[in-house]
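Across the two complexes that follow, chain A remains constant while its partner is chain B and subsequently chain C.
Then we have the complex of A and B:
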């Protein structure tokens, strides 16, 4: 039933698409397989959200109908540990928790994030109560909204790749995929909080400060993003070195 | 010819040690010759290269005779077992043979076998040239006559459909939304299945070209005229939700409905007794679930199936779990709860639970350590010298 996937570059080239079983890094023309899966690539991803299944038949687009029919004949993978149908389940937040995690200790990472969100809420509510009447509506108190907006503000639009040409390495501006952008934003946030803050402050405090700063487009992380953009702009001349 | 082939094949098989029994039960007036063994060519149908099997070893009459003998033998077997000969299925035959000839052998291919001759004797090509040596089919010299004739047929049909479309366009009756062939729930024939159908070996490239041509036929708006032809080369996929085993609901002495379920995740196993009493209390190994699972994520996993179906406060649960760590125990219990809940749900709800990923046992386990490496993935420190 569950077939262990061996490295199958030939399969990749024949079918010309990425199996869900192989989460490889793709540069078009070359595939580096970095991970295989206990699942047969025939298995589809599960959909744990409740609302999706309550849409009546009439409101489905033809693509959604086709997807439903496909799902009815294909086996589905099991939902992972961190995924639930609850309203509090946030895939972006789960990814952030996993990136914060050290040595597999998710309990501590999740605790830090919860404290961060609580801290952000407290600060914002304090600001809200101190603000004059006119300004109250502008202050965002929902910590989840702040987190998402802060992350959006940290995501770079364009990245750099080191390409060798004629013996020298040039920093060439390249477009980034959505996943890569999200990953960079999170990575920068975490490294910034771990390295560049005062030693005695706790992680949740550092994170909440940095997230609130990123929410208002200040702080070191958005500065880093702007620097990356400037570098890409200055290296614009080498853009044609990119062949994909 | 049959006897000689039987002998030669028999000697070959005797070396292999494979035997198949084809029943030929004797009518009452003959002497006791219960098993006239006909040694079947089981070695041939394990060979992959169908085309290289050579010219036919079994003539048509031989195969026909085998089919008759099989049918007569089936009726005799049904009479022996006291069953009705008219409704004696292949499954019944297998069971009867296993009962009458209990075999201590482990290899399934070595045990006594009674199957329809079409399954036993491999499909083989009839001789492709006449007495004068001239081949019958015009594509014989391509080497893959059935494959190329199939490609020709498909292309002819595509041309016919295009001609039909042009005629309709000429009359002004052409519409884009003609009835389309429904492809959902079926898949193309695999390369092996196509080879079996054509009784010829084809390469991967040939197979890809065939699929390409069929897709091209399907891309034409008026292809529904050739639906039968296309469906011959597609296989139905079975609906996955029908594979779920749902236990019937049980009732205890107070009339309260209950059901059990068990689940596994990594090395943890859990069982759950779900009672429809309406209080929503959960006890695990005798303790309250809040004390047993202090981590929020584990409790969320327990609630996932209940919350998904909207029955949070309805069921009483008595769980027992052992093995693994806290996460895998929670995962095992989640699967057990989902399985126990199936008895309370309708078909559509079972399907939604399956699509949410609640009913699949998670196959991920700890990856083994490999020799020459420190762990599953980590290599030893590289030293230059």
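Then we have the complex of A and C:
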């Protein structure tokens, strides 16, 4: 991962694309890596999806043909490590992995998530195989479906903002954007699993328990969402303090 | 056996036709996963004939009757056999899988069939044959060994299954100096655990075999000649201090009595990770000097077992790099893992290579996971997903298992 970023930096230096506002510093003998490299707008985004390249020549629309011709002359940015052309790529899961990552150690974070998914699937499949015929259809075995549904159940609909009026700060209910809601759900899930567990419980074990509970609308994270909703409901009177 | 592809070239919808000369028992309708074969499902029903079977399962649950026609198919180990035959031999991930799927299915593969055919045709009045399973990491050596152990068990042999010889040369908390021999060391915990599992596996033999020698344990305790073996084993389990010596005594008795004409039984010594018996240990004496493997009673006695100076049984061993000490991770050949000393002791042996899954075996494994609802990701049930699985795992059984675990 670090080798790729260093090469990226070197490329930029060669093509002279590094702007004056660039965040990286090159000292002799040592390259300091940057989080967000700034490419010249001349560079185009890479296309990781395989379907795009499988469309035969005849079925391309004029815009797509133009785009292809443009791509053959313009340089393309280096793809980051998180994009794959794999069919199993899930952007929401990648975001969750990034949020769980500490000190840039994505291997450990990804390992925890895969163990969580395996653990959830094992519990559900075991229940499935032991259940009588009538109950089998109700048991959800797909860990990805459970993860997405659990996250949906944890997303708050309305949030609170601290707005100053007349010298005092009021908690005012505000609408939340989709990104903010997703962020809050993931953040609550991760903090809950980090804080409220027994010293000996492993992260993936606790995370799988919480996700399964959230899937059936129980558990501490869903409770926290409900408490936020209640606070917003109780502060309805201040809603007109919002000016946007 | 022919494999046909239904129209639409969907590789999942394969049919199995039984060849007319060989009769195959019972059929269950082919299990077509509904999500992927939507349009083909109607066509399939029309084409299903009464004798079509599941591609990946066979009803032949007796290892003795399995042959080449069952290659690549899964047979179920009967639940009654499971806890008696395998109290300790199976790989941990496989044990988890058995618990999840509520059944224990083993794939019939070429190395195991070869081993079983050797065992069927061997001459047991000659000195013991040694068979060595070797292959890259994760190719299925331990599972082949367990398959063979199941065969030996069903044939009524006495099975001495050592789940992992590496466990005896590392991570030992208690190392007692041996009472029998001044320079050797005892491992009470490992020995008593093994004796307990040995007792579970071979219950019915314990009362039949009688000791031929008197064993004295302490000033007040001794086991007389003619007592049943069960008594010796019970004593070893209860008196943990002398359990290593009990193991040595048990091995000696079995070696003497295996080829016997009156009440003779066949003895199968199945050792996993046999390369741990030669080489180095990570154990240290009190003065911090390293312990050599021959200074451990358990290892010393097991080495005597693996020698081919007794008759009336077979030694089936597996090499293992996974638990091995001071061996490079790319080593898998017998010469590399056994070392000079080990190779000379094992020589002559019958090498049995264990390879990665063939295309047919991969198909079988894939269909088995689909049947057990293990592959849940919607994309993993498509052609693209299957190609990706083949690419990522390189058809290595353990890598495929770990990939499918979170998909």
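Please note the rule applied: the second predicted complex is superposed on the first by the 171 of 244 C-alpha atoms of A that agree within 3 Å, B and C clash if a C-alpha of one lies under 4 Å from a C-alpha of the other, contacts with A are read in each partner's own complex, and residues count from 1 in each chain.
Heads up, the rule we're going with is that a contact is a pair of C-beta atoms (placed from the backbone, for glycine too) under 8 Å apart; a residue touches a chain by one contact, two chains touch by 3 or more.
Fair warning: this is a prediction, and the values are worked out from it, not measured in the lab.
S.K.: In the superposed model, which partner reaches more residues of chain A, chain B or chain C?
M.R.: Counting contacted residues of chain A, the larger count belongs to B.
S.K.: Check the residue A:125 against both partner chains and state whether it touches chain B (first), chain C (second), both, or neither.
M.R.: In the superposition, A:125 touches chain C alone.
S.K.: So in the superposed three-chain picture, is A:117 touching just chain B, just chain C, both, or none of them (first/second/both/neither)?
M.R.: Touch status of A:117: second partner only.
S.K.: Which of the two partners, first being chain B and second being chain C, lies in contact with A:137: first, second, both, or neither?
M.R.: Once the two structures are laid over each other on A, A:137 reaches no partner at all.
S.K.: Return first, second, both or neither, reflecting whether A:71 touches chain B, chain C, both chains, or no partner chain.
M.R.: first
S.K.: With both complexes superposed on chain A, which partner does A:86 reach: first (chain B), second (chain C), both or neither?
M.R.: In the superposition, A:86 contacts both chain B and chain C.
S.K.: Tell me which partner A:38 touches in the superposition: chain B (first), chain C (second), both or neither.
M.R.: In the superposition, A:38 touches chain B alone.
S.K.: I'd like to check the shared interface: which positions of chain A are touched by both chain B and chain C across the two complexes?
M.R.: Residues 86, which sit in both footprints.
S.K.: Where on chain C is chain A touching in the complex?
M.R.: 96, 99-102, 372-374, 376-380, 382, 384-385, 388, 405-407
S.K.: So in the complex, which bits of chain B are touching chain A?
M.R.: 184-185, 204, 237-241, 295-297, 300-301, 303-304, 307-308, 310, 327, 330-331, 335, 351-352, 354-358, 360-365
S.K.: Applying the document's contact rule, which stretches of chain A touch chain C when the two form their complex?
M.R.: Chain A residues touching chain C: 86-88, 114-115, 117-118, 121-122, 125-126, 128-130, 141-145.
S.K.: Provide the residue numbers of chain A that touch chain B in the complex, in ascending order.
M.R.: For chain A paired with chain B, touching residues are 1-2, 14, 38-39, 46-48, 50, 53, 66, 69-86, 89, 106-107, 110.
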